[in-house]
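Let me begin by presenting the structure, written as structure tokens, before commenting on it.
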Amino acid sequence: MSETVSPVMFLILAFATIGGAVMMLSTRNVVHAAFWLLEIMVATAGLYLLLSAEFLALVQVLVYAGAVSVLVLFVIMLTLRRREDAIRPYEPSWAGTIIAALFLGALYMAITRFVPVIAEMPEKVPGVADFGREMFTTWMLPFEVASLVLLAALVGAVWWSKGGDGR
Amino acid sequence: MSVGPLHFMALAAVLFSLGLYGVLSRKSTIMTLMCLELMANAVNINLVAFSHYRTPALMTGQMFAVFSMVVSAAEIGLGLALVLAIYRLRKTVELDAMQELKG
Amino acid sequence: MLSIIVFLPLIGVVLIAMLSKERESAARLIATAVAAVDLILASLLAVNFDVTGGMQFIEKFDWVSGVGIQYYLGVDGISLPMVFLSALLTLVAVVASWKIEVKPKAYFAMILLLEVGMNGVFMALDFVLFYVFWELVLVPMYFLIGTWGGPRREYAAMKFFLYTLFGSVFMLVGIIALYLQAGTFDIVALTDAGLSPTFQWWVFGAFFLGFAVKVPVFPLHTWLPDAHVEAPTAASVLLAGVLLKMGTYGFIRISLPILPDAAAQWSPFLAALAAISIVYGAAVAFAQTDMKKLVAYSSVSHMGFVMLGIAAGTAEGITGAVAVMFSHGVVTGMLFLLVGMVYERTHTRVIEDVRGLSSQVPVAAGLMAFASIASLGLPGLSGFVGEFLSLVGAWRSDMWPGWVIIAAVGVLLAAAYMLWLVQRVVLGSPSHAVAEIEDLEPREIAVLLPLVALTLGVGIYWDLLLRYVDPAVRGLTALMGA
Amino acid sequence: MGYVLAIPLLPAAAFAVLAPLSRRLRNGAIAVSVGAVALSFLLSIVAFVATLPGGHEAEAAYHAFVPFAHVGDAVLGAGLLLDPISASMLLVVTLVSLCVQVYSIGYMHRDERIGWYYAVLSLFTAAMLTLVLSDNFLQLYAAWEVMGLCSYLLIGFWHEQEAPRKASLKAFLTTRVGDIGFAIGLLVMFNTAGTFDFATVLHGMEWAPQTATAIALLFLFGAMGKSAQFPLHVWLPDAMAGPTPASALIHAATMVAAGVYLVARALPIFEASGVALTVTLIVGSVTALAAGLLASVQHDIKKVLAYSTISQLGYMFVALGAGGLVAGMFHLVTHAFFKSLLFLGAGVIIHAAHTQDMREMGGLGKHLKVTTVTFTIGSLALAGVFPFSGFWSKDEILTVLLHEGHYVALAISLLAAFVTAYYVARLWFRVFIGPQQTSDLHEAHNEMLIPMGVLAAVTVVVGFASPAFAHFLGHEGEWPALGMALGSSAVAASGLLLGWFMYGRRTKVINTRAIKQRVDYVYGALVNKLYLDLTYEYFIVRPYQRHAAWLGRFDSNVIDGVVNGAGRSWRALAAVGWRFDASVVDGAVNGLGQLVKSAGGRVRRLQVGRVQTYQGLVVGVLVALMLWIVVKGV
Amino acid sequence: MSGYWLLIPEYLLLAGALVSLFGDLLPGGERSSAILGALAAFAAAAFAGFIGTAEPLFGGMLVFDPVSVFARVSLAALTSVYLLWSGGRGTGSERSHEATALVLLSAVGGMLMCGARDMVALFIAIELSTMPAYVLMGYRRDDDRGLEGTLKYFLLSMTTSLIMLYGFSFLFGITGVTGYAEMDLTGAGVLGVLATVFVFVGLLAKLSAAPFHYWAPDAYAGAPTSSVAFVSTVPKIAGTVAMIRLVEALSPGATQLPLLLSIVAVASMVLGNLAAYPQLDLRRLMAYSGIAHIGYVILAMATNTNTGLAAAVFYMVAYALPSMAVVMIAAEEGSAVEQLSGLVDRRPWTAWALVVFLLSLVGIPPMAGFFGKLYLFTAAFGAGYRALVVLAVLMSVVSAGYYLRIMREAFFGERVSTPAVERSIPATIALVLLVVATLGMGIAASPLLGYLGVSF
């Protein structure tokens, strides 16, 4: 893996993500949108690879592309009584557009004025093993807490899913 | 042309803004959740890019991104459970149906 | 000693709170006993007081050490009469309301709690402590008006609370500003803080809002008639007798010595407001058809004399202000008690419906006439002492003499509305409402007699009061002059 | 000489005993009260003797002082000052008071609240004695106010009726208008002198003319209220609604003279001012004449006496205004005796005739022998006929005016003397001569007659003390000059003659039924004039009547109207103020509350319930912040 | 690492949470897990207090300075009181093992937030504290209104926390670190300021400060009242501490921060107090009043002085105590204001306790709320925010208006026949503790303030 990022790959992946996002927002079919989201996630994993974050790319594919997208699709299916319900009316929002555009504009101006500091690449590019060591030493606390977050989410999700029988 | 952090930041900004637009405009709860995921994704790209350019050895940004992913996965799970619970009661997931509480 | 006086009623509150539902009537006994002991203690205080000794019976230790808040109590010749007054009127109020039937436990507990606050305000020498007691007073009075009051009691209680709170939060800002400037909450130490005139001007303004609402000074007075009319008799007595004095006491204890330059700058404004209050209160009192409201507005007028003395800033003026405070407490207390007693019997306070008390109930009528005459400032009775001295002080100061003349006209107007009240209520042949009523019972007379005695005593031998007040005021004016 | 303290204290103690027990005691009340004042009288004689042979006023026979207040640098206190002026006043006050109290035993014996009556009389006596014994102006003011209160209580004694209630209030408030002047005068005095003590303020310091003028005029204003001088006199005629003996004591002999006493005491200040003396003179002469004219058109016997009192008080002011301390004081003394005598007599007459309207009286002389004699003595004294006391004191005043060169005042005074004699005659003839209109006439009891006898005796003899009195006060005393005596006697005689001419020589009853509409003085006057000689009528009587009547209307419409109108407009103003208070001042506060409430309602509308709106608002605010930051830079 | 024992309080809470998750196995049913949780939380509070200040853990990620200790102790103690009350409640519809577990988990997150001085740790702790809160707010899963409120809460909260996270990512990108200790924003330019703003928007939204407050009224109004008692108070203490740390860390680079915060403070004070005025539902009213109180807290934060920040924490706790109690009473008596009518006849002691709480919220001495305001206003005034202090005191008068309305209803209202709430000893103890704390925290504030380092 090279230390520099290939412009070509970057452009392709950037196009894939942004294009995917545009498609996701422009399609009227919720199921299609979910698939576009999947596409974005995968393309993002590619970007992670570009940035020499192999482990993260892996996690991205597993968690997002694997778990989350499937979950989203499940819920879509569960909340659609008919197939036609997946087709939604076209929902333009002027306020949303203006706010998002201004947000982007302001942010863009700030980013262009930003002079990034670029650190020297280390001799040996850290690998997954280094990643793991870091995680269980320096990032011990967040790691443990993250498990609690998942626990809390689990408890909550279970609680809500059990609903209905009380009714 | 060499790809620097600014390019990734710009990419992330575009994705974040698109997600934001979706959040502000989509009337389906599920779509909103998906847009939120898009925003989270943008943030992660930002983090990983910074990690690459700024702290390549410590991988701080990657760590951050991992936790961010965990959290957003947990949140999307919780959110979808909530959506399902609401759907059971109201038989709809339209946000515009959620206007009973106000004032 | 002072702490005992302040917190003894709190023990009474606790005792009353622990009474069981069946033994509610014991509440009044506890309250009477506690209030009586407190009065005895306050009297002992007066007996043991060294008139030339400045601040005495000091109790001082750190309370919240980090920010320099102290528990600091003390009395001087200005606060001592006020402490005595509040102890006396509390006892009077308790005994006068023995017959209360609605929730007696809570009622007497509230009166005792009120006493804690009142005594505390007059003793506190630390700003935060002062403010604590100051606000503490609001709560029991709110409940006294709101629970045992007249038909519009909720409105009146709310108005009372919000209005006074409005004023006192500005006082809080003033306290904070002073603290930040001088680094202490110590009221005594602040007297020589050497604050710049501009700063003083602003702080005085903040304190002015706090105190003037309480006094009350025109045009901040409209809570007063509502509160008085709706409040039960005992609450009216304490409200007029003690609570209003807290405002003017604040001016004398805080604004004048700590902010002397600002006091001088504000003096013309205060004088104008005082004169307006005197005449305006008298005018509006004259137009009332409700006895209680008349007395309430008369308070606005009388408190104007206090403000006049304060605005004057001279020794005579301030002494007069304190004397009016004391006398107004006693005399107006008496008037409210009598109006209340008449109301209990006739169930009306409308002046037109109550006529000819003197034929039917001579004792009540005589006392009412006495109180009215004391209120209009007849020499030989206590009302004259203060009004005269504050006029003397005002004339001696460099305020515009026109205000003094207007205030002197206010004396005439006081005679007008008071005697007109007497003429319509006390004199004449008995009206329908008065025809069958009974005269005062011994308990009621016993409640009023000490007030009568004080009115006469102070009115004839001024030094009974002034021996305490005058040396303290001299000290005060010395501070202001410096 | 500590017994001096007992002189005011005895009646005060009587009040303290009687006030709470007034319902229980009747005869006891009389005994306590009369006993107290009798003792006071005896002590006053002792005190008077102790001051003999008198001397200058600054040299006190006895002076005691007890401080009752320390304020700043000043020491205020109560003092007893026994000097010739106060000693003579003591005698007058206690004697008249004793006579009135004894007289009241008979006059008031049927009244239920006689105990209260005596209590107030005692308080009044105590206050008046305190006033005359004062050694400082503050104490004097205090006693002055207490007397005002007693006056209020006694005027309104029969408060079940409307008129006494109104009159009492009016009296108190009108005198209090004057008192404001007095009080402000005290403020000015204290501001300059730092004390109220006579010793300092009268004799111990030099007054700047402006300050002296201010104080003197303010004091004069107070005195005008108390002594019912024009234009603050309106309360006194109304005050006749009270019991007659009380009127005799308070509204004739003593309290109303307190104003004169005040000016007499403060005369050094007046003299330091100069202007104030002139004003006093003017006020006195205007009052003397105007009130005399008013007296001559009244039909109510007590009102005639009331206006007469005003007029005589005016005389005293004239005397003081001319600097004649002795003359003023002496007239005060003589007037106290003969005017109280007249009032007491009037009380008997009213009791007997069951009316106060002179037109319904007549022919009383045959039945009320003692009363007639004493009343006649009083009338002659009032008219200024030799050798009764009024002659001497009036002559002294006229002499002073002549000496000091106040010719206008002298002329007015002589005119007033003429008018006085005229209305005295009018009164006397109408009451005692003529056909009897009331049956069942009987003389009063002895307890009423004896005091009258005493007062009559004093009235007869006291005039001869004129030079002695002057000596006693430390001034040169002389017998009146013969010319002046003759002149004044002539004036008095002509006045009496005119009175006789108009009212005395009639043999027929005048048309009383037609005159029953008492209000219309003009009509009454017109009817009266039918019996008169035409010439006389056109040149003297008619203008006189017209002027007097006009003055009567002016007095009742304008001056009294101003007083009453002030009351009414004050009431209206008060009502406006009350509305203002309730709507504007209070409304502003309540409006603020409403404002908060409506603002609250408006704010909560932001909470629309739609989540995307919320998000839009949140992000919108964020974007605005971002733009601001980006545009502004760091 | 050697310092793990410093986390014993968190372990205790966690243990409590895990035990109650398996609470079915405990004797005594649902009540027991709550009581057990209360005991665990109490032990946690005691331990946290016992441990006191200590050296930071995890390379500065977690600190144990006085502010942290104070916040941790009060947070755990409040959790304990809440669980005690919840365990003693008569009605159990909103109490179950899961709820207890979630409360305890949220408390763990809150306690970690108090110590966190690292963006990653803070972020994850915030999420741990918030996520159970979502579930608690939507705890009645058969109540669609409750779920609607929860959804709004959830969506708004996620949006803002993503914005915050975005801000974190920029901060990291600019400085290259995640710990505050080495974080230096000076010279970071516009992006640094924007990142700061992002972070604060997220935190302010969590604290329901205007104009980022929109979720709070709706979510509270739909939620079970008992959940509101917890969610509206305990997490806010943690949020306040988190925020003051960020203010300390970020203000050197973001000069506009004081201005931003004072704008938010003004908006919150004004909007919260005005909008609370017409409310008839206690939960909604307390939501708005919470917005208002956060406004005061943010005013103190804007000072960015040690005293001001400490005063902010002190005030937050002084607010949380009575606020929790008021909502608890509302949970017992009914959430509409008018349901409090006749409380004084029905339950006089509760009514008088309510007076203490409400007056503390108004800021009447000697209650804690007054002292909180005193220190807070002094700090703000001293830092030059004079006009804002005047506005704040005026707004506290307005707040008295609506608090008194509650009092009026409880004392002077027409008596309504509400079924008497079953009294339980634990719930009574909980209320008594809150009364004592509300009174005592003001009167005996000296040691606390000394501890926090408040001095002017």
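The letters A, B, C, D and E name the chains in turn, as written, and every chain counts its residues from 1.
Operating definition for what follows: contacts are C-beta pairs under 8 Å (C-beta built on N, C-alpha and C of every residue); 3 or more make two chains touch, one makes a residue touch a chain.
This structure is a prediction, so every number in the text was calculated from the model and none was measured.
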Any chain that touches chain E and chain D: A, B, C
Labels of chains that are neighbours to chain B and to chain E: A, D
From chain B, the most remote chain by mean C-alpha position: D
Distance-to-centre winner among chains (Cα means, whole assembly as reference): C
Most distant chain from chain C, judged by the mean position of its C-alpha atoms: A
Between B-D and A-E, the pair with more C-beta contacts: A-E
Cα-centroid distance, chain B relative to chain C, in whole angstrom: 65
Where chain A and chain C are represented by their mean Cα positions, the distance between them in whole Å: 71
Geometric centre distance via CA averages, chain E-chain C, whole Å: 42
Chain centre separation (chain C, chain D; CA means) in Å: 37
Shared interface positions of chain B, touching two or more other chains: 5, 9, 16, 20, 23-25, 27, 49, 54-55, 63, 67, 71, 74-75, 78, 82-83, 85, 89, 98, 100-103
Set of chain A residues in contact with two or more other chains: 93, 95-96, 99, 103, 106-107, 109-111, 114, 116-117, 119, 138-139, 142, 146, 149, 152-153, 156, 160, 163-164, 167
Of all residues in chain D, the ones touching two or more other chains: 593, 604, 607, 609, 611-612, 615-616, 619, 622, 626, 629-630
Interchain contacts, given as pairs of chains that touch: A-B, A-D, A-E, B-D, B-E, C-D, C-E, D-E
Residue ranges of chain D touching chain C (in the complex, touch as defined): 19, 23, 67-74, 76, 141-146, 149, 152, 156, 159-160, 165-166, 168-169, 172-173, 176-177, 179-180, 183-184, 186-188, 190-191, 567, 570-571, 573-575, 577-578, 581, 585-586, 588-589, 593
Chain A contact footprint on chain B (complex, rising order): 1-11, 13-28, 30-31, 33-35, 37-38, 41, 44-45, 48-49, 51-59, 62-63, 65-67, 69-71, 73-78, 80-85, 87-89, 93
In the complex, chain E residues that touch chain D: 151-152, 155-156, 159-160, 163, 189-190, 192-194, 197-198, 201, 205, 211-212, 214-215, 217-218, 255-256, 260, 271, 274-279, 398, 401
Of chain E, residues touching chain A in the complex: 1, 14, 21, 57-59, 61-62, 98, 101-102, 105-106, 108-109, 112, 120-121, 124-125, 127-128, 131-132, 134-135, 138-139, 141-142, 173-174, 176, 189-191, 194
Contact footprint of chain B on chain D as seen in their complex: 604-605, 607-612, 615-616, 619
